[in-house]
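Here's the structure, in structure tokens; my notes come after.
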Amino acid sequence: MKYKLEAKNIDVFYGKLKALNNINIGITENAVTGLIGPSGCGKSTFLRLFNRMNDYIDSFKLNGDIYIDNTNIYDKSVLVDELRKNVGMVFQKPNPFPKSIFDNVAYGLKIQGINDKAFIKTRVKDALKQAALWEEVKDDLGKSALALSGGQQQRVCIARALAVEPSIILMDEPTSALDPIATAKVEKLILTLKEKYTIIIVTHNMQQAGRISDYTAFFYMGDLIEFDKTDTIFTNPKMERTENYITGRFG
Amino acid sequence: SSNSNNTNNSSALSGDIKIDGSSTVYPVTEAVAEEFRVVAPNVRVTVGVSGTGGGFQKFSRGETNISNASRPIKDKEAKVCDENNISYLELSVAYDGLAVIINPENDWVDYLTVDELSKIWHPDAQNNIKYWSQIREGWPNEEIHLFGPGTASGTYDYFAEVICGKKVGTRGDYTASEDDHVLVQGVATDKYGLGFFGLAYYEENKEKLKLVGVDNGSGSVLPSMQTVSSRTYAPLSRPIFIYANNSAKEREEVKEFISFYLKNAKNLVADVGYIPLTDEEYGFEIEKFNEFIK
Amino acid sequence: MTNGEKNRLKDSIFKYIGVFACSIGLILLAIFIGNIIYDGFNRIDWSFLTSLPSRKAEKAGILTAWSGSLWIVIFTFIIAVPIGISAGVYLEEYNRKNKLTRLLEINISNLAGVPSIIYGLLGLEIFVRLSNLGSSVLAGSFTLALLILPIIIVATREALKAVPSSIRAASFGLGATKWQTTWYQVLPAASGGILTGVILAISRAVGETAPLIVVGALAYVPFTPKGPMDEFTVLPIQIFNWVSRPQHEFAINAAAAIIILLAITFTMNGIAVYFRNKWQKKINW
Amino acid sequence: MQKIKEKIIEFILRATALITILTTIGIIWVLLSESLVFFKEVSIIDFLTDTQWTPLFANKHFGILPLISGTILTTIIAISVSLPIGLTIAIYLSEYAPKKLKKFIKPLLEILAAVPTVVYGFFALMVVTPFLQKLIPEMAGFNSLSAGIVMGIMIIPFISSLSEDALSAVPKSLREASYGMGATKLQTSFKVMIPAASSGIIVSVILAFSRAIGETMIVAIAAGQQPRLTLNPLVPVETITAYIVQVSLGDVQHDSLEYRTIFAAGITLFVFTFILNNISFWIRKKFREEYD
Amino acid sequence: MKYKLEAKNIDVFYGKLKALNNINIGITENAVTGLIGPSGCGKSTFLRLFNRMNDYIDSFKLNGDIYIDNTNIYDKSVLVDELRKNVGMVFQKPNPFPKSIFDNVAYGLKIQGINDKAFIKTRVKDALKQAALWEEVKDDLGKSALALSGGQQQRVCIARALAVEPSIILMDEPTSALDPIATAKVEKLILTLKEKYTIIIVTHNMQQAGRISDYTAFFYMGDLIEFDKTDTIFTNPKMERTENYITGRFG
């Protein structure tokens, strides 16, 4: 297969609610894929399939297969923790640990059994820089991450995901709590990262999707309405719904 | 016919009788209360088990009518009764035989003299008398393990007094328990064990234990209904008591209850595993009581 | 072995340790209950439940004991649960964090360690004598209530602490008063942990013997309590009494009585467990 | 109007909280009034330094140390049984076990706290001790080890249930964050969940500890009643609680020096737990992690 | 005074950190005031002063006065709960109660002692409609609000604040988790609301600030750099910093 990630005949249920309906999609390596669509359409649900994060929701049920590098990640033999080391995630609501900023970012390294302090320090610093937070916190890395502003918390979470250098990064509205400058930095970061990583990002910001994503998928009420190169989606969408949504003429 | 007459009188009685005190005496009093209900169903007799000391404390404050006691009242307790204008009467109601017990596998002990018991249990024995061989020539050179009731019990007090002497006490390095089952278990599983506790517990666990005769100078005597009751098994049988207060004079139902107690104790006591007094002794207690309520 | 493999190995080992630990608990429980049921189950019949105590083991029943226990549990529950929860709420939601709080906090866990018999001595002085309640169900219940208060208070506090403060912020933000916030949002969200405390506390109260004996609970009482001011006995006293009789038949009675005691506790706990499951299901932060 | 209502409610709540203070005052009063008389007759120095406790024997010694050592010994054994088992169960139930299993196991284990302690006492004496004696032949028939182990079993639910509650109250988002980094359940439990729930877990341990310290029947039956200054778990010991219950329900005359010893012992236990609680409070304050 | 809300000589500390520095501002009635500035500059802190929400943070300390309708709301005699009934708030992180959607929205009415079921129903419905959520949830108002998507949760919180009809509404990035359509709806709502209400809104979205706010305040590192009519701020800012920030040429 030519895709890094692939979703085949995906149906997702939360109890009786069908949250995703027969989704088929292939995600290209070293590219940014944006997921857009109205709130509640299933973007987060879809994104969280790739690191099996939905497994913890009781009512969750999945039909279909998800492949990463041609392996079905819902196969019994798959090691979920290895999978997740490879697939980093930034969540929709900032969720820093009730620990210091440093410990938050170093967490992923520690659980991999890395003890080299100097190495950890460098990684933490790099990650915080990439997440555009270093300048603000460098003097007080021991401060509790919970005593940060909303946007700062989100950037801690981004740094935390970057520190372990996964090969795939899932981002659920990573910049929604950020100001334009921080947003611009993160966007720049994403563009740098895609040279080495495969990135899937959920965003509500059409401009952002336009700016950074190579491919864009438009979801609507659990259906994948359209999926294509971002240029095509934004300039020449096949479906009327997509056009309406993108131009804001919707609903 | 006089009996049925009595019953008729009693059934007309009503009121509350509160009894508290020793848990050793409790089974006897419970048995009496149970039977008394048949003749006087409207009298509400209740029995607590807060210990002889706790019982006397309530008794001396006038909170109970009758106190169960496994030892005679002490001076201080008597004084509080006086202070609170409570006159009282001590009545013996039964004997509690103390059995000296060894493990069935123990084949060297045939009997023990009071002196030997004293040698074993005396406070001076602590750290000194450790082996069976020290007690009598020819007994094995093995550690002796002792079991007995807790020091806060009337049973212990009594044993210490008659074996080691007044105000002497016993050695402290023995396994004590308030629960005689525990002692049974202790001796039953220990070949070199020796213990003493209520005779009834031996009776119920005969197959696990071996009874030791006690020689007080006039030959070895094994405890039994007869030997205890006739006081030939001495000195290890002790009387247990109830104490009645003024209400026995003033209240018909209390008076009736105690008379009933003394009249019927003989059968009931045996029922619950204690040993009754002799008929004369009961007669004497009844007289004492009649004197008191005059 | 890579670190990942090590971690996974540790993880699955721990899982088995967990299963093992649960099994230990359950097996021991099975042994206890199995033993008791084996000894006592056949002894339970209608007349055992409806007879008065007796010197004859085969005639003896536990009517007064189980009805006394029921009275005591219910009254203890009625007294201790509201007081315990409300004290917990006060300490966690209302009280400013200062030295006094600290003292209170230490004091309460201290109370949890006071031997039950001391509570008995306290109850005897305060409820039986000073308050003139006599050796009544009420005096016994008050005594046990004091005994289990610390458990409920401490569990309540912890459960309240675990409620995210964003919930309080949301409620306050709508103009809810402190009490409204507590009552409508925080307490329901904390109900699971609170009920666990209640379960453990009630379990403790049901099984207590010594303090009630001191307070003056009886061993022989030929009538069931008709009201909170009546005298009473409870199952643990009856059990204790029977256990310390020499005759083996009483041991069987005791086993049968224990089954009934466990049944009472289980019913009380069952109600609490039902609500705990029901309320906790909804809350999954 | 609302304001008055709030004030009244706060007043009531405060009043209920003050009940605990009143209880403490009551307990201190009960203990102190008698033990003051006691300490008039027995020097407090002897009380704290004498190594023998024989107030009911003819040769009286009033050294509380043997009772304290017995109490500490049994409590420590109990905690070393219940803490690892209880905590493991709590983690297993909150992180590993299927929800249905948890719903079923948790209340079952809670019955362990409801079994009358007399039953436990005999279990320790009749089952656990003989079993252990097969492994350790020199073990005495009465010992703190069996009593402590069985007491530990009894308090398992205090730790397992209360800690489990604390763990499941940690916001899901934290767990997700950790899983999302590729942490195993074990790593998530120990690195994220336990620290976040530490306050509740420590409290559960304190309650269990208190329960063990205050427990009477098990030790009275299975640990023997020999006050002995030792930390050897294989020999008979007596705890403060066992002593108190033995005397207060025994035949000893109230209003006597012998009887007053229970109040002196009681107040010692009170002070002892007070110190322990202060230490644990301090630890808790140090390790507390806030989350939201 | 001519202002609905007024902040005078405000300093805010979190422990040693000075989060706001000598802020003076007056907020006009029946207008939308936008607060902008980089993440961590003190916007949320400032916003939360108006309903005394910072009071619950242990390390928080305030100097200066805040007036609403010429009353100093930090005065001892002020009833904080009455104040908050009048000053509604939508928080930065969605924080629905662990209850059903309906109960979430009805809560504010319930605590005011309103029992009229029919009335509550209408209000809940209206509020959900205003928050652009009604269509998605109308069939399942009994569903737990925690089982909603991130954006849906935020709209529940908006509906909850609207249901009690406060006279002042504080919104901390209310639309950051929303898709463009929902955002547009909420923006429209804000514009309708301002006819009756006074609104303060924190936003990272310059376009949004430009679209909806009448006045804009620009914060930077705890200082109020500039405050003026939105037109002026966006077209003719006095300070260079402001201009740089708005045009994204910053940092």
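Chains: A, B, C, D and E, in written order; residue numbering restarts at 1 for each.
Keep this in mind: a residue touches a chain if its C-beta (ideal position, glycine included) is under 8 Å from a C-beta of that chain, and two chains touch if they have at least 3 such contacts.
Everything numeric here is computed off the predicted structure, so don't read it as measured data.
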item: Shared chain contacts [chain D and chain E, defined touch]; value: A, C
item: Path length in the contact graph (chain A to chain B, fewest steps); value: 2
item: Best-connected chain pair, where connection means C-beta pairs in contact; value: C-D
item: Mean-CA-position distance for chain C and chain B (Å); value: 36
item: Gap in Å, rounded to a whole number, between the CA centres of chain D and chain A; value: 48
item: Inter-centroid spacing, chain E versus chain B (mean Cα positions, whole Å); value: 82
item: Per-residue multi-chain contacts in chain E, two or more chains; value: 81, 93
item: Residues of chain D engaged with two or more neighbouring chains; value: 2, 122, 171-173, 184, 187, 248-249, 291-292
item: Of all residues in chain C, the ones touching two or more other chains; value: 7-8, 11, 164-166, 177, 213-214, 243, 284-285
item: Contact footprint of chain A on chain E as seen in their complex; value: 14, 36-40, 44, 92-94, 136, 147-152, 155, 172-173, 176-185, 204, 206, 245, 248, 250-251
item: Contacting residues of chain A [partner chain C, same complex]; value: 79, 81-82, 85, 111-114
item: Chain D to chain B touching residues, read off their complex; value: 52, 54, 56-59, 122, 125-126, 130, 140-142, 220-221, 224-227, 236, 246-256, 258-259
item: Of all residues in chain A, those that touch chain D in their complex; value: 51, 53, 56, 58, 80-86, 88-89, 91, 93, 95-99, 107-108, 110-112, 144, 146, 157, 160-161, 164
item: Of chain D, residues touching chain A in the complex; value: 99, 171-184, 187, 191-192, 195-196, 289-292
